[in-house]
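Note that chain A is present in both complexes that follow, paired respectively with chain B and with chain C.
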Partner chain A sequence: MSKPTVGIFGLTGCAGDQLVILNCEDQLLDLVSLIDIRDFLMASSENNQDCQLDLALVEGAVLSNRDAETLRAIRKRSKLLVALGTCAVWGGVAAMNRGADRDADRDALLEEVYGDIGRGYDSTPAQALHEVVPVDFNITGCPIEKEHFLAAVASLLNGDLPLYPEYPVCTECRMRENNCLLIERGLLCCGPITVGGCDARCPDLRVPCVGCRGPAGDANAGSLVAVMEEMGFSRPQLAARLRTFAPGGVA
Partner chain B sequence: MKILKLPKEKLDLFASVVQQFGELHAPVEQDGRYVFKRLTRWSDARLEYDRTILPPKKYFLPPREALFRYRPGEGFVPNTDGLDQRIILFGVHACDVYAINILDRVFAGKYKDPYYQARRKNIAIIGIDCLPDKQCFCRSMRADFVDHGFDLFFYDTGDYYQALVGTALGDDMVLATGNLFEPVDAAEIDDYKRRSWNKRRAFQVDVEIRDLPEIFEMEYQSEIWDELGEKCLSCGSCSMVCPTCYCYDVADDVELGSRAGKRTRLWDSCLFASHALVGSGENFRGSRSSRIKYRFYHKQRGFVAEYGRPSCVGCGRCVSACPVHIDVVQVIDRLRRVEDVASR
Partner chain C sequence: MSTIVIEHLARVEGHGGITVELQGDTVGDVRFDVFEGARLLEPLLKGKRYDEVAPIVSRICSICSAAHTLTSLKATEDAFGIRVSPQTDLLRELLLRGESIESHALHIFLLAVPDYLNYPSAIALAADKPAAVLLGLRLKKLGNLMQETIGGRAVHPVNPVVGGFGKTPSLDQLIELRSGLMQASADSDAVIDLMAALPAADFCRSETYYAALRSPNVDSYYSGDEVMVVSAGNRAIVPAADYRSLTNEKAVAHSHAKHSTFRGNPFMVGSLARLTVNPRRLTGKLAVAMKRLKLTLPADNPMDNNKAQALELINDVERSLEIIEQLLREGVKDERAMPAKPRAGTGTAIVEAPRGLLIHCYTYDEEGRIVSADVITPTALNAASMEQHFRRAVEQCPERDEAVIARRLGMIARAYDPCISCSVHLVRKR
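Moving on to the complex of A and B:
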């Protein structure tokens, strides 16, 4: 059986998810013996930019017409397309103010940010991949968990899709028997509505969850917001926090 | 049952002797709350704790546990790591012992779970009596006293602990200490009775469980379930901290590049959207209200039909762990009340 062909791409993002893949040092040799990575700009300067792919992993959000075209071209060449990281899955930090920047005058915005050279710059309101092309599955996280990437490859090689937690960060936080920052210390913790899989990394270090992995399967943001308002947080404060990573997901 | 007493000043000595029977674990403080943990020093033990964040369930049914490895051609190799480790849980409250007895019915009754049974065999339990706080309703749930399920059970009766010996292992522990334990006399029996009476009067929360399954049956369509469904976050906290929530999920981790792997089980919760989702994509409990309703029905009604009592032991953990203040005592109260129109 020939090895599946794979491409790893970045649209507008921090490249953190691609870096996680490169950081799988102990598994990299196994990986390249199992899959044929044809196109991975961050790792290689010799890429085949036209070949058909079995699997494309795409990081980052769509922030320009160029991003959108690149993504459409990737979709065309690949059997499977996976959104890699919170930006690709939900829009991420680039999309946090999307409602406002959609309505705004783009040229004025560009000028505000980039000065005179900004006008006419190719820039569109941030979108998650699924808003532009069909996505086969998501590996969320900011950045993704290395284990989730490896599990995806292992499962796909066996003809399966990987299974990731859909329950919230609280579940794992409780499994780890942490004191609850929300209930006991009145901190703004997004754990109850953020999807787990990070083993409650932040509350485990006594830092509230900011929701970097995006919403849980059946996130009930309205109810959490109501309780947090009773706790004294203001609506704008809550909206800002909830929109940081997944504007379309919860707010 | 043998009943003895241990002078309080000899507890340290007892603790050091008893370590020959296993690694000592007890409640220790963690940022103002308590957790069962391996003791590095006896002085870290906090026997006058209110409740631990997670119940002792974590020792018998760990949040995540490897069940077996599998490899084509080689078959299954069950995981035995840690199963024969001898541990002594020192300072388990009555409701938590009761909860373990309930887990026994599920994992060591009709269906036998070898992992659970191995741990149950190798983990000794030394119980300790406690006084209720404003969240405890174990008395209402008939779990404020246990007559089995422990090796030793200590009652603080002033200058000494009165000790019930529950098993041969408990007896061995007593014997190993030489003559630390003494027989009880009439005055001390009175002390015990006073303690028992005072404890009974100290309960601040009371729920009536008589005919509760029937009331649940009648209130199946109550609006209260929709109302709770609107509030519930499906965060699973209540299940994780519950000493009798035993649902688990199993998942396979496939090795990269082979069909071999590892099967793990991990705590699950009926509040999760994925709990009743099946392969075809059908979800038998798609709505949050049906899920939270199910949690109450399973604990307070279904379990009664199956095992003759509710599975809730009234430890109060889920009440303090719920970010949106869903409170089992309030829910039961409201279901029982006639004048509460909101529940209709």
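Moving on to the complex of A and C:
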């Protein structure tokens, strides 16, 4: 069997998900013997930018027309397109105020940061990949978990799709027998509605979950908001907190 | 008129290119083009509570995420008048050293060395020289283990919080780090062997200004609040609160990057600048290594930044061992973060990120919400200096061979180790 052809791409973001791939130090050399990485600009200066790809891994959000064109071109040449990381899946931090009044005038924001010449930049409100092209599956996380990436590649090599948790961070936090930061310490922890898979990394360190993995499929957001309001957090405060990484919509 | 264009720089973090315009023999416009989408994170911070800020600004850049996190915490602590414990200071420095080890190992072995040896990637290099790549991966993994142990995660640390840490690492964890560091210390000769064997890269010499955090003690990464600017024979000090005099960013006519200059001169930040400003640790093993790499300071060749990164890699390992020994000697206490009492005011912090000076400045209201935020990144600070060296490279190639020039420009860009995601303050090409 010929090796599957793979492309690894970054749109606008922090490059953290590509970095997680490069952080698979123990697996990297095995990995490149099993898959044929044809296009990976962050790691190689010799790339085939036109060939057909069995698998495209795309991180970052769409924040410009250029990003959107790049993404459409990747979609066209790829059998499977995977959104890699919270920005690609949900829009990420750059999207947190999308739709809010302040984002209405993007030119004004551009001018605030870049001065006069900011107006007219190729800059569009942050979009998740699925808002621009069809996405075959998502690996969420900010950044993604190394194990989830490796499991995805292993599944695909075997003609299968990987399975990821749908349950919230709380499930994993309970399994680690942590004290509850929300109920017992009154801290604004997003664990109840954030999708697990991180092994409750933050609450295990006594740090409240900030929701960096995006919403859990089976979370009960209404109930969480009610509990938090009872604890004295205001709705705008909650809304802002819950929108920080995933500003809404269904991935 | 002809134009040399590198459309999309490879083996760097983020999206950038280089354009050089030639009018006959004269070098015209030289541009470091950035086409990273604008995320506008600074305005997005407005109204955010102090404990939400670091997790957001960390996302500016993955490779420098520990530096962004700690600079952010330091600026917030400065605004609120919080003094963290000495143990917190030590652990934060250890975290930054871990990030630096990871970043330098990634850059040297995976991104830059393939340049010198004419390989398109470390993957291609691994087929012929597996030992070199495996050495790089081993050091990189150690840097990540340090970040996981202290920061809670290798990319975008979660454990550092305003006032300290969520949880203090255990003695066992520190002892595990120590054994990894001792192995790395034993590897340092191999690092220098590899670097010393690389072909010389000498095609863009010019007098260069350097700026780095001035060290109050050994060599500074995390502590300190003054910047020193050094050029041949001249030194100047800039206190943190006056950082704008250093960065006086201005949009330039060719409209691609706000250029930072100090008294009209572009300056370089990063490894080479740090060693130039803080040469005190370059003794013993490091002095020998420096001699083997034929590095003299102040250097007039920006390509020497790769050598400086190798020296720093060794120094980071040695300094990390010292920190761990001190922590083990003094005992590690399970401290809680210092309580934060928000107050209105401004805080500024400067930290050395792997690529150089990183500055965060926040103004808070009395409830501890962000009124305004300013983030100055090393790649933005380096832009003017990088362009200056691009220009020298073209000037110093009289035959104007496009392929040669393009290769050299790519090498210079990579020697600066740009982190284009960090370019929140780079003005991009229209």
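A few remarks follow.
The criterion applied here is as follows: the second predicted complex is superposed on the first by the 245 of 251 C-alpha atoms of A that agree within 3 Å, B and C clash if a C-alpha of one lies under 4 Å from a C-alpha of the other, contacts with A are read in each partner's own complex, and residues count from 1 in each chain.
Assume a contact is a pair of C-beta atoms (placed from the backbone, for glycine too) under 8 Å apart; a residue touches a chain by one contact, two chains touch by 3 or more.
This structure is a prediction, so every number in the text was calculated from the model and none was measured.
Upon superposition of the two complexes on chain A, no clash is found between chain B and chain C, which fit side by side. Looking at the shared chain after the overlay, A:S223 reaches chain B, while chain C stays out of its contact range. Judged by the number of chain A residues each one touches, C leads among chain B and chain C.
In the superposition on chain A, contact of A:A94 is made with chain C only, not with chain B. Touch criterion met: A:A151 reaches chain B, while chain C stays clear of it. Contact with neither chain B nor chain C is seen for A:S2 once the two complexes are overlaid on the shared chain. In the superposed model, the angle subtended at the C-alpha centre of chain A by the C-alpha centres of chain B and chain C comes to 110 degrees, rounded to the nearest 10.
Legend: residue contacts after superposition of the two complexes on their common chain; A:A15 is shown touching chain C, with no touch to chain B.
Of the two partner chains placed around the shared chain by superposition, chain C is the only one that A:L109 touches, whereas chain B remains out of contact.
Between chain B and chain C, the minimal CA-CA distance in the chain A superposition rounds to 12 Å. Contact residues of chain A toward chain C in the complex are 10-17, 19-20, 22-23, 25-26, 28-29, 32, 37, 40-47, 61-64, 66-67, 92-94, 96-97, 102, 109-110, 112-118, 120-124, 126, 142-143, 201-202, 204-207, 210, 212, 237, 240-241, 244. Interface residues of chain C facing chain A in the complex, by the touch rule stated above, are 8, 10-15, 35-44, 47-49, 52, 55-56, 59-63, 65, 106, 110-111, 114, 120-124, 126, 130, 133-134, 137-138, 140-141, 144, 152-156, 158-159, 161, 165-167, 251, 255, 258, 410, 421, 424-425, 427-428, 430. Contact residues on chain B toward chain A in their complex (touch as defined above): 30-33, 35, 53-54, 58, 63-64, 230-237, 240-241, 251, 253-257, 259, 266-267, 269, 272-274, 288, 320-321, 323-325. Taken in their complex, chain A has these residues touching chain B: 27, 30-31, 33-34, 150-151, 153-155, 157-158, 160, 163, 166-168, 170-171, 174-180, 182-184, 191-193, 216-220, 223-224, 226-227.
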